[in-house]
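Here chain A shows up in two complexes: once beside chain B, once beside chain C.
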Partner chain A sequence: MRFKVKCGLEIHTQLKTRLKLFSNSLNKSQVLSNKPNTNVSFFDAGLPGTQPVLNYEPVLLALKAAKALKSTVSPISTFDRKHYFYGDQPLGYQITQHYQPIAKGGYLILSSRFDQISQNKTIGIEQIQLEQDTGKTLYKDLTGLAHVDLNRANVPLIELVTKPDFSNPEEIIAFLKQYQYIVKFSDISSGDLETGAIRADVNISIEGGERVEIKNLPTTSAIMHATKYEIKRQISQFEKTGKHITETETRGWNGKQTYKLRDKENAVDYRYMPDPELPPLVLDVDEIMPQVEIEKPRDVRLEELMAEPYGLKLRDAITLLYNPEFHSYYMELFQILTTKKIVKRDLISNWICHEQVGALKKLGRPQDEYLPARVMSELIFSVDKGSIGSNNAKLLLMHLLDNPQDQVLPIAKLIKQFDLGKTTDDELDYAKICENVLSQNEAVIKEIRRTNSQGKLNFLVGQCMRISRGKADANDFRKRLLEMITT
Partner chain B sequence: MSFLSGLKAAQLKYNIFTSIRENVDAELLQALSGKLKKVTVAIKDNIVTKEDKTTCSSQILADYESPFDATVVRLLKEQGAVVVGKTNLDEFGMGSGTTHSHFGPTLNPLYPDEARISGGSSGGSAAAVSAGLVDVALGTDTGGSIRLPASYTGVVGFKPTYSRISRWGVVPYAQSLDTVGLLSRDVSIIRQVFTELDKYDPNDPTSLAGDIRETIPKRTVTSQRLRIGVCEQFNVKELSQPMRNAWISSLERFSKDGHELVPVSIPSIKHALSAYYVLAPAEAASNLSRYDGVRYGFRNYDKSYGTTRSTGFGSEVQKRIMLGNFNLSSEAYSNHFLKAQRVRRLICDEFNEVFKLSNPLDGKTSFNDLGIDLIVTPTSTSKAPTLEKFRLSQNDNGVTEYVDDVMTVPASLAGLPSIVVPWNTDNGVCGIQLTGQFGDDNLVLDVAETFMAREE
Partner chain C sequence: MFLRSIRRLSGIGKPFKTIQEVEEYLARPNWATAELLVKAGDDGLSREKLLNLQQLSGLNAESNEETEATLLKSIQRQLGFIRNIEDLALPVEGSTVDTRLIPKPKALVFADLVKHAKSDPEKGEVFDSWNPTGLAVDSDDGYYVVRDSLDKNEEKAV
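Presenting the complex of A and B:
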């Protein structure tokens, strides 16, 4: 039996602003080393007699998101209070936009070409609302004490609610990736799930049943696996009992299973109330929206990266586009190396997206500790003009990443110092080495002539490389050997 | 006798203050300067000050010290006024008697020989003025909390137009209604202090914007023949005959002075009290949810926040929190809260229809010559009851106390400037309430001043 699955997303995104939403304390939500309770104003702590005053930077960032998602901005939106008690909720309520959000409607198109899904799909947006983040509660020790940090309290968020248009977890992940692209490249948010800058709740139902919401999913893979698990759970429950889920329910995810957090019985009544002191947010939409600047749509940018002058492969273009830092690193290298007249431009993306990422992983270093563009460009240039072989270049890259003090030295000098340079043909007699190896491997030659075995040929190339101590170009040997064997 | 010992003697007799500044005599000797030089001020204890505790007369904030001064307190200090202490109130402003206080009731100095209530919730501020302790007192008025105690204690009580005086640092009861105002024996002092406090404050999101302030014409009484509205909806059955007589005699005075009496009808006023007791407790329930004992204030933690709140708040506050939360609950919201909001808008519209001056919030200033300048009404249904009678009446059904607000609540819902002036009758002094159009504070003060001068 086939089941129609319906999923929706509720995404909370921390906005990258200088100040918090309703106070003048700094928004340092992205500085993870920030000391607890150091960015807390009287209002953030909920002191008696304090009042909220709306800052306009979060409004602008919400408008950017609305524009990117083709959402209709409301000329008048209002703020409401959502009540519940919690130790890190200093006001006893969260200020949000329940009744009249800043934007309604909109959509995002998932593409079969770029999103690794089977066909194009449009995901509808319900609404976008501005709201405050809460503080953080940490249960650090065994004393039973909770530690409350209010640095995050009143940090601006946008909450985005999609329509229940997803039919599988892959579409959810594709949506999140594209959403991350939007918020990162339009400078709305740092956009990372891992730091909590983006938090997503998924709601899932199968046709005929009520919806179940899964909360607290910290990573893409948690979202993927929890969604898969929950779909399976709902289907198998129906298959076993013949009964659908009949009541809305909130569930958590423990890494293996979803589990019940609360159902309708113990659901919280948030007692939404229009905030009695925050005036409505009135926007001259026709005047403002044309001035709100956002980045081009992802698909347009991908096409650009794959076209001249970059000519990137789809996979590399996607890697760069989902990582703004890599993207600008690439652009910087591309510019330097184009002026140096590099021949093999594939080298640039290869060294950024693969070689360096791999090297950092091997060294156990953070991904953002990459080489300065100047050093990297010199290294790539040396590979391009053939003054170092790619294997030795990888060794040198590891060395440079591990010894930052050497990054100031010219690459040419390092190649010389470690004797990593390719020996030129005059110094290295390719023909002689080949002859040498062939004369000692009569049987192998016969075998190659008979079966055309690539493995055996590789064996011979290896022999030649060993004699040249890795300084020669393996392809050169291969060409010569093949010529000598077949003629 | 030092100033301080005067305060302390009165405190012993009437329980006016929640805290008294011990250094008040030294303060008065200092070389102060400013437009309010050496004006002595008492401050209602729901307005935060750095130098005193701010208790809101609640156990939950009994030891709370604010790290900042309210804007109004700062402005007073800058102009050389001397704060003498903080005054008692009904807990968080909820009440009409200043009897629901963690620190006990404030008695009425107008009746030194019997225990009568001073009215509420700004009863301490009214009593401080009535006892002659200070030149002026700050109060807050949500549904009549300045005007009722002014009437009961025989002083002038002024609730300006909503949002003219900053609320930054005023602990909210229901901030769509909460208005800071003044009590004094003398309209001219009120005018003088009001002038210094009537300023835009960027810290208060509801503060009336500068450009709107500028559009409001500053009307005076001098050469005008006023049209005085007499509104039938204030003639409620609960109004005692002595109060009705006082109302009539005050109207006769206006008529004798050459002003024209105009009967008007504002039908929705009959729903004002019900709407008010839906809206104000709802806002209160929301505002008071921050008092959980986690960051500051009284804490009685036993498995949940509940214990702190059920022991830290008094019974009247708990009653209103329950009422408010019920009206905000998902099943009651549209039937109660939204309807009450509609009634409120209707009342505003009907007031706008009867006034001569247009409402400045509606844009351009215009005048309707058939409209009225002021509405004159009683302030309370009777004079100040005895403490005993007041307490007994609360046992009836729990809402008798709310009926006292019937005269004052309409102006609160519409945010109108309203002043109560003492009016002598055969039955003693009682308060007559003059209410003007939104923003027409100057005329209200002007008429009050002339009216009082004529009386003597």
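Presenting the complex of A and C:
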């Protein structure tokens, strides 16, 4: 039997603001080394007599998110109290926007081209609301005592609620990645799941059953695995008992399975009430929204990188898109090399996105310690004009990364100094090397003639390169070998 | 309820002759807030619901039957009051805005949001002017200390 699965997301996103939501204390939620309780105002600590006053920077960031998600901004939104008791929430309630959120509706399109899903899908947005974060409670042992840090209390969040439009975990991950792009590049949030800047809860139900909410999923991997597990669990329960889940419940994830935390609270349990201390937020939406600036949509930027003049492959375009510094480095090199009229354009992306990244990895160096653009461009240019073979260029790249003092020397001088230059036909007898290699590999020749195996041909090219000590051009050997084998 | 009261006030009766008569009449309210605490047809509030509410509010749920009965009765009356209020016919538009104690402010434009984006001097708070754990009865290494057990770690709402 095939079950129709429905999933929805609730995403809490910490906003990148200078101050907290309703006080003058600093929002240092992304500074992990921050000492506990050092960014706490009277209001954050819930001292009697204090009152909230809304800061406008979080409003601007919420409006950016609304614009990027094509949500309709409300001319009037209001703040409400959601009551629940917890040590790290000293007010006894969270200020949120339950009745009239700042924005409603909207959508995000997942693309089969860029999101590794089978077909395009539109995910509807229910609403976006502004609200406070809570403090943090740390349980260190089993003594029954807990440590509370209020630095995070009253940090501004937006809660985004999607419609239950997801059919599988892959779509959820695709949505989250695109959402992360939006909040990161429109400067709304740092957008990291791992640091808690984004926290996602997943709602899952199979057709005919009530929904189950899984809370506190800290990584995309946890979201993927917990969702898969929960879908299987609900289907398996129905198959065994013939009964659907009849009551909404909240579950946790322990890395292997979901487990029941509690029955899900409803609106009555939280005793929502309008916050009498906060006036409605009234916005001249028509005047404001055209002036709210956001980054171009992800798909537009990817298309730009994959089109002329860059012509990048999707994988490389994605790498650049999510690494702004690397993106700038690439663009600087691209500018230098295209001015030099480099012939093989693919060399640029290959040497920047693959060879150099791979070399840094081999050397165990940070991924952002790349060669200065001038040096790297000279090296790529030397490969393009044939002054150095690609194998020897890789050796030189490793040397330069490992010996920064040599980065000031011209590449041509280093090629000469280390005798890495490509030899010409006059200096190296290509034909003789090929004949030698072929004479010792008759079985391989037969196999190539029979199956046209590229792998076997590469083996022979490798043998030739070994004899020439990497100073020859592998493509020259390939052409000659192929000619000799097929004639 | 309010509307009914207004109807009572505006009913046709003996005309007032002096302003004193009017004032005397208004000084004798013919309805009481106590009426709002009674609502017919209330569905019963279960003991389980009471325990749940106590837990959500961080209140001690270890009470005897007599206390529970008193609490149940009290909550029942409060619920009745809310239902009476809910029954009032209010204009749909703007009714939720009117529940705030503060009047509806004028609409903000983009310049307002940008101008006050970074700080609001009207708050009058001085950053770093106090020691947040200085007034706490119990603190440890800069943290507030709360008597709380590990199992609640998994019951957080946000």
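The rule is short, and it goes like this: the second predicted complex is superposed on the first by the 313 of 487 C-alpha atoms of A that agree within 3 Å, B and C clash if a C-alpha of one lies under 4 Å from a C-alpha of the other, contacts with A are read in each partner's own complex, and residues count from 1 in each chain.
Operating definition for what follows: a residue touches a chain if its C-beta (ideal position, glycine included) is under 8 Å from a C-beta of that chain, and two chains touch if they have at least 3 such contacts.
Remember, it's a predicted structure, so these values are computed and weren't measured experimentally.
Model built by superposing both complexes on chain A: chain B and chain C clash. Taking chain A as the reference chain, the count of touched residues is higher for C when chain B and chain C are set side by side.
By the document's definition of touching, both partners, chain B and chain C, reach A:Pro276.
When the shared chain is aligned, chain B and chain C each come close enough to touch A:Phe42. In the superposition on chain A, A:Pro75 makes contact with chain C only, while chain B stays out of contact range. Shared-chain residue A:Asp406: touches no atom of chain B or chain C. In the superposition on chain A, contact is made by A:Gly252 with chain C only, not with chain B. With both structures placed on the common chain, the touch criterion links A:Val148 to chain B and to chain C.
By the touch criterion stated above, A:Glu57 is placed in contact with chain C alone, chain B being left untouched.
When the two complexes are overlaid on their common chain A, residue A:Phe85 makes contact with chain B and with chain C alike. After overlaying the two complexes on the shared chain, residue contacts for A:Glu210 are found with neither chain B nor chain C.
Touched by chain B in one complex and by chain C in the other are residues 42, 45, 53, 83, 85, 87, 92, 148, 269, 276-279 of chain A.
By the touch rule above, chain B contacts chain A in their complex via residues 47-48, 54, 56, 61, 64, 66-68, 70, 167-172, 174-176, 202-206, 282-283, 285-286, 288-292, 294-296, 305, 325, 328-330, 333, 337. Note for the complex: chain A touches chain B at residues 42, 45-54, 81, 83, 85, 87, 90-93, 148, 269, 271-273, 276-279.
Of all the residues in chain C, the ones that touch chain A in their complex are 52-53, 56-59, 96-97, 99-110, 112-114, 116-120, 122-123, 125, 127-128, 130, 132-133, 140-150, 152-158. Contact residues on chain A toward chain C in their complex (touch as defined above): 12, 18-19, 23-26, 35-38, 40-43, 45, 53, 55-57, 59-60, 63, 75-76, 78, 82-87, 92, 94, 99-100, 133-134, 137-139, 142, 144-150, 215-216, 252, 261-262, 265, 269-270, 274-284, 287-288, 291-292.
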